[in-house]
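Have a look at the structure below, then the notes.
Order as written gives the chain letters A, B, C and D; numbering starts at 1 within each chain.
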Amino acid sequence: MARAWKPEGTRVRVGQVEVGGPGFVVMAGPCAVEGMEQTEQTAAAVAAAGAHILRGGVFKPRTSPYSFQGMGEPGLRVLAEAARKVGLPIVSEVMESTQLPLMEDYVDVLQVGARNMQNFPLLRALGKVRKPVLLKRGLAATIQEWLLAAEYVLDGGNDQVILCERGIRTFETATRNTLDLAAVAVAKQRTHLPVIVDPSHATGEPELIQPMALAAAAAGADGLMIEVHPRPEQALCDGQQALTPERFQQLMRRLPGVLSAVDRHLWMPDLPAHVVGA
Amino acid sequence: MARAWKPEGTRVRVGQVEVGGPGFVVMAGPCAVEGMEQTEQTAAAVAAAGAHILRGGVFKPRTSPYSFQGMGEPGLRVLAEAARKVGLPIVSEVMESTQLPLMEDYVDVLQVGARNMQNFPLLRALGKVRKPVLLKRGLAATIQEWLLAAEYVLDGGNDQVILCERGIRTFETATRNTLDLAAVAVAKQRTHLPVIVDPSHATGEPELIQPMALAAAAAGADGLMIEVHPRPEQALCDGQQALTPERFQQLMRRLPGVLSAVDRHLWMPDLPAHVVGA
Amino acid sequence: MARAWKPEGTRVRVGQVEVGGPGFVVMAGPCAVEGMEQTEQTAAAVAAAGAHILRGGVFKPRTSPYSFQGMGEPGLRVLAEAARKVGLPIVSEVMESTQLPLMEDYVDVLQVGARNMQNFPLLRALGKVRKPVLLKRGLAATIQEWLLAAEYVLDGGNDQVILCERGIRTFETATRNTLDLAAVAVAKQRTHLPVIVDPSHATGEPELIQPMALAAAAAGADGLMIEVHPRPEQALCDGQQALTPERFQQLMRRLPGVLSAVDRHLWMPDLPAHVVGA
Amino acid sequence: MARAWKPEGTRVRVGQVEVGGPGFVVMAGPCAVEGMEQTEQTAAAVAAAGAHILRGGVFKPRTSPYSFQGMGEPGLRVLAEAARKVGLPIVSEVMESTQLPLMEDYVDVLQVGARNMQNFPLLRALGKVRKPVLLKRGLAATIQEWLLAAEYVLDGGNDQVILCERGIRTFETATRNTLDLAAVAVAKQRTHLPVIVDPSHATGEPELIQPMALAAAAAGADGLMIEVHPRPEQALCDGQQALTPERFQQLMRRLPGVLSAVDRHLWMPDLPAHVVGA
């Protein structure tokens, strides 16, 4: 997947959205799908603010077996219904290959979480799927290991891979992880795959999400993945790092200026043919 | 699994071998099963030198999809045959839950590799199995996360878990990883589970394996896992860190002195009842 | 130095330049002063491109005693002469308190390097000086330790401190260090001191300097420190990370757009009173 | 200082004690000299338990300017008096070159702390001194950087350097630092200098000091540096990691067994000539 083989870069289609072209793509939604009301509220809010793809987890990899583990299949139905109402495609995390047949019915982008970046049977299974894959960088993965993990998917025949930098583990404890924006630039140099950034997991701190999201845009990222929750303090998972809809909207207002300064813009659909033809 | 709940510690039975009691247990063998000759030679060598359990990988998690990925099921038959001839039980890595029915037929201890430490579906599946589990610490896992990963297995109903420290990822590049022996002492304080050390992956360097193995014994570890290959320079996987049979034997000669200084000894079978009775 | 005590932020004066106000300040120049020609060429180039302060090292902390250690006092005279010709103030590194009387005669900002961030006798001595101090974050210093190091200078009576993030040491080897831009945002929240970014040391790679410089601007940094050399391949120190004058100029052209998107601009002098009065 | 140039290893003389020969050397005492009573009590206790060198800090590098900074010169007199009474030589930390003339009058080994490992002016000054230097590894220093720091001292003409591993900074927070015992083995392979271990700073936790001290001995270290305080809970500096005299004595009883298993022993003076001759 060396950049040299495809200098123009791979563009990954998600519904009509295109990741990796000049348009900058924002994925947003709750960490975990908790129920219909929360999911619909969030979907409506992020769609209204201009997000392009709805995120939401139903299978949650949690450090402790006693934490909320996600709603599972019923959550998928909730997520799909909420997405349908606002007309957004869905990205959601898959944790093992046996979940794939189910997930494929509901989800537009299959996300591999940081903890599973080197779950090779899962990566091989995703190589056989005909849906885009979003591959998060592992907590302690070098850029080289991350790209080789993507190679497992590509080698299986699926070249629709989006990379996602989400912070690495370092000695610093003031932030949840250390966002490595240089990795975005390095990955863009070495591969033809699109690279997005998740500042929510990277920082774990709402005050830091906007500055890091803008920095990601300036650094050349192809998009963002952002956690949004209508009532962060009541969230069942990672609420401390979710943006409220208001703050998410604020961020969406700030992005175009930075994107414009690096010759990018928020993704928007092509004009219909009859308009262009006019 | 707090130590306070079971101050005497859990003893895990593997065949007649007991891990976590006063006897110190050595698991040794090739990184990967490559064929019958190599496996039998290694098994004979490590058995002769006094190892208690034969290790060998048939499903290999490799950073690159183009590296040797293990022999798979045929490798299991090779490993089982070699182990049978020398009378040793087997530890081997399982990479996903779908491999379990097959693995259970051949393997005495199911190993979870560092990259899968937080593969929660796999951990849950291992909670339902009636075989011991060897849980390696993840490359960037805190001790707390490691113990909570073990909790997934225990919570499922399987309390036969052995922890294995195998080095963490740090900035230092002179060694493959940084062996964290204090983690052994901390894990022994906090849990009642046995803790062993893998100096092969921790250092990636044959010259360092003996000093680190002796240090592990002095630090209170309950055992070791060591890679041995008859011709390290020809190994298909991690050959650069394998001990030759000669060096492995040297290490086995050195261990008893250190163990004795901390009131331990190499594990050995109980005397038969009629002898004790005599 | 809590932000709460001085919500409007400290502005550090360097000649007529102000660091920490709305104006974004760029410091640029060679890693090491090597001679009159190289220094004058670089000074002319960075001044022409719009840099505000000339950087250049004459006392160089080098990992090996056999590497070039800097020109020492003669280098200071070279640097001062080059700076005078282009009308820029100077920032240069001080390595121990005994160098201070000499340095104070030539230098406008006294830089403390990453390796000396916790050289407490040096920090105490700088607390007694009436010149601004630029304090680089240590390779493995937490944000908290960095701020407490600054506190040594402030506690001595000198509140003219500029913080500089220059990358931390992590497991990643694709870049020289890992630039921690979230640290900029955290430091700005917690203190009233200006914070700048050095993408040259952070990445060690010319291709990465522009994206990281733009990202720093988007993240809210108050300025940059950039290494520039007319012939990077011949540099006596860290040449592999220096920008050519051409690439530096390119960066300076890119910065205003990003700054504008976050309501900042490149620093420029106040208009003379009689013009304003007009 | 490559091992190849001096395969038999450098032996550093401290009074009559020899570091780097077959004898294993224990340095012990308080983190900081707080007063005559505390220092004399500790000196008496560690001497009684068999320590060979008295440690004690009078110039203390502290993260915060508001923490206790050490007694300074009066502390040196206290330390020297306490050491004289029990007949032990002294190791104490020097923080900058201007302290050297004073320190040389009182101290037998000049310690460079982790934070000053790359304080090159200090290292150069120590190259001119005719006293042994104890060089701690920096928190984030690679083994290679540590050895090159020692090279600054050797290059100045002083080959009496003892290296000290004291833990590196990693993501793990269960221990103060991560003790890197493989670094001891690597340093012993690459250089001819003696290498000791400080488990007090490495772990920050009294329960872990004995297992790590025994592990260090098993790994081939040439000695230990241990913090001891008669009333750890009242210590002015790092009390949480000090051993009580009782626990220190316990450790000293445990060491000989492990040392014997690796063909070493606690250092002891040569027999007087007339006895040997008898």
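Keep this in mind: a residue touches a chain if its C-beta (ideal position, glycine included) is under 8 Å from a C-beta of that chain, and two chains touch if they have at least 3 such contacts.
Quantities reported herein were computed from a predicted structural model and do not represent experimental measurements.
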TODO: Using mean Cα positions as chain centres, tell me which chain lies farthest from subunit B.
DONE: C
Open item on the list: Centroid of subunit B to centroid of subunit C, CA atoms only: how many Å?
Closed with: 50
Task: Centroid distance [mean C-alpha coordinates] between subunit B and subunit A, Å - done: 37
Task: Numbers and ranges of subunit C residues touching at least 2 other chains - done: 140, 169-171, 173
TODO: Between the chains shown, work out who touches whom and classify the graph as line, ring, star, complete or other.
DONE: complete
Task: In the complex with subunit C, residue positions of subunit D that touch it - done: 61-66, 95-98, 115-116, 118-122, 138-140, 145, 148-149, 151-152, 155, 169
- [ ] In the complex, go through subunit B and note every residue touching subunit D.
- [x] 140, 142-144, 168, 170-175, 178-186, 189, 202-203, 207-208, 211-212, 214-220, 254, 257-258, 260-262
Task: subunit A residues within the subunit D interface of the complex - done: 169-171, 173
